[in-house]
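Both of the next two complexes hold chain A, though its partner changes from chain B to chain C.
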Partner chain A sequence: MKPVAFDIVRARSLAEATRLLAESGGTARLVAGAQSLGPMLNLRLAQPRLLIDITGIPDLTRIEDTDDSVTIGACVSTANIEDGRLPGRGLDTLPAVAAHIAYRAVRNRGTIGGSLCHADPAADWVSTLCALGAECLITGVNGKRRLLADQFISGAYQTALAADEILEAIRVPRLSAGGRCGYYKVCRKAGEFAMAIGVVLNDLDRGVFRVVIGATKGRPIVITDARDLQRADESIDDDAILRVFDKHGIVDRIARRQKLAALARAYNQAMKP
Partner chain B sequence: MATHGIGASVLRKEDDRFLRGRGQYVGDFRLTGTRDVAFVRSPVAHARLEHVHVPDEFKNVVFTAKHLTGIKPIISAPSVKGFKYSVEPILATDKLRYVGEMVAMCVAPTRAEAEDIAGAVTLEFEELPPVTDMLSACEPGSPLVHEEWGDNIFVEFSENGPIEEVAKTAAIKVTKTIRTARHCMFPMEGRGVIAYRDPRLRYLTLITSTQFPHSVQTGLCECLGLDHGLVRIISPDVGGGFGYKGLLCPEEVALGWLALQVDHPVRWLEDCREHLTANANCREHHYQITGYADADGKLLAIDCVAHVDAGAYSAYPISSGLEAAQIANLLPGPYVFSAYRCRSFAVATNKCPTLPYRGVARSGVCLAIEAIMDAIAREAGMEPTEVRLRNMVRPEQMPFENVVGKHFDSGDHPECMRRAIEAIRLSEIRARQQRPEPDGRLIGVGLSFFVEQGAHGTSVLASWGRPIVPGYEQANVKLTADGDVEIHVGTHSHGQGHETTYAQVAYEILGVNFDKIKVVQGDTLYTPYSTSTWGSRSMVYGGGAVANASRLLAKRAAHIGAWLLQTDVANVRVADGKVIAGNSSVTLREVARAWYLQPQNLPPNIDTGGLDVTAGYRAERDSGTFTYAAHAAVVAVDPATGTIEILDYVVVEDGGTLVNPMIVDGQICGGTAQGIGTCLYEIMPFDAQGQPLASTMIDYMLPGATEVPDIRVLHMQTPSPYTEFGIKGLGEGGAVGPPAAIVSAVNDALRPLNVEVQDLPVTPERILAAIDASPKRATVDHA
Partner chain C sequence: MIPICLTVNGRVVSKTIEPRTHLADFLRERLNLTATHLRCEQGACGACTLLIDGQPARSCITYVALCEGADITTVEGLEDDPIMVALRRAFSKEHGLQCGYCTPGMLVTARDIVMRLSNADQARIRTELSGNLCRCTGYVGIVRAISHVVDERRRGELAGIVRQEGPLGPVGARPAGSNSGRVTNAPTAAPSARKETSLGEIALGLGGRQPNVEIKQSFVVSRSPADVWNFFSDIAHVVPCLPGASLIRPPAGEHVEGKMSVKLGPITANFVGHARIMRDDAQQRGVIMGAGNDQSGGSRAAGEAEYVLEPTASGGTRVMLTIRALLVGPLAQFGRSGIVEDIVARITEAFAYNLEARLTGAVSVDDQSVQAPLKVGTLFRQVMWARMKAMFATIFVGPKP
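After this line comes the complex of A and B, so read on.
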């Protein structure tokens, strides 16, 4: 379990990092907290010639605060988020989710951007950021672009990033005063990857009522209008959810039970006044 | 009890270095010129090995079976009737028999480079159909792990009591089919070996993480054809063993051989992936068990067929038959009944060889018999604890011989059970179960009870036909020239705290300053030959030896001390580090000074053995001590997600005289944590081709700090009538009781849904599958 030999550079700017990436012709790999990449290197599943450490790039650890959103640098650690580094209101979900990712030692190093770019379907940030309608700010040699998180994640362990692109930051909209976000993760032990994730964002003041079914075999399932899953009395409609599972090929009876439970519990949290 | 003697919860001497990160494990040694070894291991479970292709550039640093001349394979065949022995080559020769089997040894300056070389070695083989399931392995026509056997059965054990009559008339008959999971032992420190030649003392020296240095020495001598006087084994600090380091590893033989060929030290450190994929080696059993009882829950008979998936080879020296023998022997557990029939099979499969994990076979055995007790309780409409109490040995029957002749030495089993019932607040839980929980979870309570045979001696192990049978354990105790005490023992602590507890024994007798008592262990050069530490034997046997040697030392010191005090030896006693006669005394330091530095002051006709004493010990009756315990668990099961939380956990244990109750608590809590792992988390899944499916700790789950509840430990102390100080062995019981107690609690919780789980581990998936299959299917509760 020792990696194949590689070189490592600590990039000082985004420009340097994108340039090194582009020049490497696919043999370089970015590294942030190394909490996902590290094991892959040790198992020799990844054998890059060059690692580009991006955690020293000042742009990537910045947090920018506006009235309706916060922009989190990709290299901000999960522990920082857990500890309340995000200013202002309407973002309570993020520290709450952070606290249940892995163990503190992993959270100290693991970054929100690294998690998103690793795109493990069972990862907590992946589902959460899709539900919150977060935007991914991307930089490449040819300039910048933006993608919604659920477009950024293109499949299991797959993103829309091009070979020379870096995720620079994530812009998360704030919830309005009456907005509620419910999050429920089914896992076997504290800090373990999820067997099922349900996220419900109920923020009708901003016209948002979004549902995410996470920990699937591919990208998270996003339902943009949760009213489709409601009964007339506003309770959650199990049958409608089961039809969503059918549509997305979630057939395993055990997985359906767990995902249903996760979603129903997230929904109930989000509907609490 | 004195401040540091028997019964004192003295802080552990070894913790000073452990807690400061100054322990010294194999990986901490730095020997100049050391090269690292990586093994090429079999990627398939069953194949005929045709060719090992080594690129030319690596020809000098890669070693395969064809290089290993003058080396014998590992053969571990107990002289039990009908045992079929396996020949385990150190590096694979013509056949590959499990994923992870060693094929080639690659040597390089660093492990990473050695792995590069290993990656460049390719194997040509013809795959054979693998034997992956112990039950189908016994069917006619199954592929064979060892063709020459004609079947896949290492050995069968049987007990053939008369059960037919009882079976015909019993009011209650219950049957259970139970499967336990193959898993990994996962000591914090993996295995590791450094091997080198010591030209000065003329030793092949191995620094290896082992529980028993002398048995490794003997095994290594056998495989390499060397005399004991040419092999030295050093086992430094050992970061957990649990049985995983209670064998001669093929890696030890391979590196020992290699060190004889090269002129530099060689080192191999097991990594987590090797541990997972090449060494998932414990606890895979299958039971088909039937219990018969009368209408009042009195157990009448047990009838069982059990299988153990023993893997491909028989490990040295414990053999592949041990678990199956234990099952046939231990299944009756603590209960009183007279008709017992059991057949147990050790089955060869294309998986790694099994080893005896803490509480050898007993967590499975306890689960099986306790499942029967629960089932009888249901049939009889009784509280499960009542059924158990009804079938226990009464204290006035002690010592008691059970249906297979196990000699329970002492104790009050029903009292232990009653204390557990009270401590877990059984009646409160029953009341709580009457109302629904606000969060929709289901509450259950379960108890298990078992006896823990420890410290087995010569008679037991000789009858198992083992190549290395324990006899008299020896200890060397001496006074230094300062009058301090140095103890040399052949047992080896791999977490048990012997540096503290042996010192407590010596303190009890000599009374010298506790801080000045030092225990030396883990080096064949400095310690008496010993079968060492396994089977909860060290405190009984090693402790007894330290006591005997300390007493002899006290006698010799008394002789010198009496002379210095100008009195007759009949007038003196040794206590508080002094030789005392009435109001006058001399310190042991003065005695030591006289012996070592001022011999002109010694008495005439002195014992020339001096103040350096070796003595041996064997229990008066060596059929083992019988610690017993009740484990009680309260769980909450979430019927919507299948997740389980342990809300409360109680252990009531009678381990005889406790030398250090704090260390005992540690043993019980650590064992219980492992038992929780066995019950709820740990499994190495294999696919139909025999591929192990978990290769990191993301896939292989162990309980963590948050999954192990605050375990409440209560003690009873009934001294053993047969051992020094009345000590009993108790190192394993913690790991034995949890699966039975927790499964019982989970099934108690699931009772309203009319479903049960039985197989280990009890995962959320299995809970939900049981609920899903129930006709009375629970609707999902969104609480």
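After this line comes the complex of A and C, so read on.
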């Protein structure tokens, strides 16, 4: 199908983009690579009056490299990350996850910030960035603020961004030398949206042992201390995970099996020496 | 209309376009370059894959206006490209095509595999090809053809062409120029108002069809089943409890006509529908047979909802709701039933709060103020407002007997 008529404006700066957003009174939508919004526009599920293209803002593809983190501009593409164009020390997870998001033709335009703001519960970046403890750097008409990724995502397709705010960049803390991150997703076909995602970040040198259960109906489920899901011998405790599913209303038998399998496999990756 | 200037197959092209035009339509309809094919138009099938700045991309979900200054290459522009020549020969030899519909997209993806992945084996080639669907060949010939050309390149026969890495960011994106930053064409008319289907034409309920949405929900309110049953008897009081819902006209007996808007991130739906409500006083059980159309998106839904009231130990009521519905059109095509479930869950949650607020007298039954499209923020404020009203009512008026 063809989308409903809209206008496109190319913003030249962050300030201009936030001003345009604020002036639109909620009828505009930001667009970067358009790889998630495009299908929704073409299906006419989304019918904004105005698209504000932010890919012409040079600041949004900046990468900042520090000892303990890398800050990735919101418009850096998933293919850029797959190709190892980040200073990746301690963040091998990012290219590994990137390589299995949708298809190369989509990754060449899809951006990390766009994916996070689209907040599709089944999106790889949503679960991954929540697990890594990434911080979202936000700019609005009234200044800047920061939010952890799991607070940034407020539900299916919902974020904590106010009407005039833009996600500028994502700061991802590096893992320590002994840190491991496991990631596993269950897909019906390579490149399709995941039916289950498990992420385990085992970085006890930094005091982090976090578990994320993704591809839920809303926000990813974040368990800040994975020791709650361990048996005495450090193997993963299926019953404890099933209790988490009960608590979060994951009742479908197949969904439970898929999510359990994804999490167990991610856990085993993260526990490998 | 807006002006656009970009390079297509080495030629500079300047045109005036409608902002919603996607790249594939622009090439096919305006430039008569029909090698780029269109099928799903939602980024899934890969038929429209072409090169933007030398890298493969989907032209159906990339709007031309986002490609100001970009360098586009279609299959027409790769006629003399040595890798493409080798691929065409190999596809032909290995029977890598039959009807030819997927072939342009396949060739563009194949070229990327050959250039980028010099060590790709057949398994890797299959993974990389997962975004290009073919209904004829079973992929065996395509994979074999690509494999041959990967081998040729590895042997150094096609080494002359080197893949170039562009700047960071989406392919095709250029810094916004001096004519940017201005909104000139914002459509003033409301988006796509569809021809309204007469409600009489829509059959109520499932009519024996299999549902594709099945949801069970329950919630508890503090008043007795008799109070709740009595409240439910007046549909004009029930509808304002549903966020985003309103009646189109006063109910006529069992028959109700209403509308409901739902907003979820970028998704908006404005359903107009009708329903028949049947109540069994003896069992305190109600059945609603309904059907509706999304006026903006074109989705259709028909279904049956049943509710049963049960007393709780603390003197309240548990309302148990079963919804079985058939959803067709874009919302169903989007294929994420969990999201529909999530919307229903949040509507039910809001309904329960609103119902409680009215049953306890914290909000007047005629109060229409909690009426807004369902949004998390709005919902939250509504719920907090209802809770505050209930709290003040308890503090200053005391609980009702």
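The criterion applied here is as follows: the second predicted complex is superposed on the first by the 272 of 273 C-alpha atoms of A that agree within 3 Å, B and C clash if a C-alpha of one lies under 4 Å from a C-alpha of the other, contacts with A are read in each partner's own complex, and residues count from 1 in each chain.
Methods note: contacts are C-beta pairs under 8 Å (C-beta built on N, C-alpha and C of every residue); 3 or more make two chains touch, one makes a residue touch a chain.
Remember, predicted model here, so these are calculated numbers, not experimental data.
Superposition note: with chain A as the common reference, chain B and chain C are in steric clash.
Contacts of A:80 after superposition on the shared chain: chain C is touched, whereas chain B is not.
In the superposition on chain A, A:261 makes contact with chain B only, while chain C stays out of contact range.
Contacts of A:33 after superposition: chain C is touched, whereas chain B is not reached. Shared-chain residue A:68: touches no atom of chain B or chain C. With both structures placed on the common chain, the touch criterion links A:253 to chain B but leaves chain C unconnected. Once the two complexes are laid over each other on the shared chain, residue contacts for A:189 go to chain B and to chain C alike.
Using the contact criterion defined above for the overlaid structures, shared-chain residue A:238 touches chain B, although it does not reach chain C. Applying the stated contact rule after C-alpha superposition, one finds that A:43 touches each of chain B and chain C. The wider contact with chain A, measured as residues touched, comes from C rather than the other of chain B and chain C. Shared interface residues of chain A (contacting chain B in one complex, chain C in the other): 1-5, 39, 43-44, 103, 189-191, 193. Across the interface of their complex, chain A is touched by residues 2, 18-20, 22, 25, 41-44, 46, 49, 52, 55-58, 60-63, 65-66, 68, 108-109, 112, 116, 127-128, 130-132, 165, 167-177, 180-187, 191-192, 264-269, 296-298, 330-331, 333-334, 336, 338-339, 341-342, 345-346, 376 of chain C. On the side of chain B, the complex with chain A involves touching residues 110-112, 115-116, 119, 271-274, 638, 640-643, 681, 695-696, 698, 701, 703-704, 706-707, 763-765, 768-769, 771-772, 780, 782-783.
The residues of chain A lying in touch with chain B in their complex are 1-5, 39, 43-44, 103, 186-193, 195-196, 236, 238, 253-254, 257-258, 260-262, 264-265, 267-268.
Against chain C, the residues of chain A that register as touching in their complex are 1-12, 16, 20, 27, 29, 31-35, 37-51, 53, 55-58, 60-61, 63, 73, 75-77, 79-80, 83, 85, 102-106, 108-111, 118-119, 121-122, 154-158, 189-191, 193, 216-218, 249.
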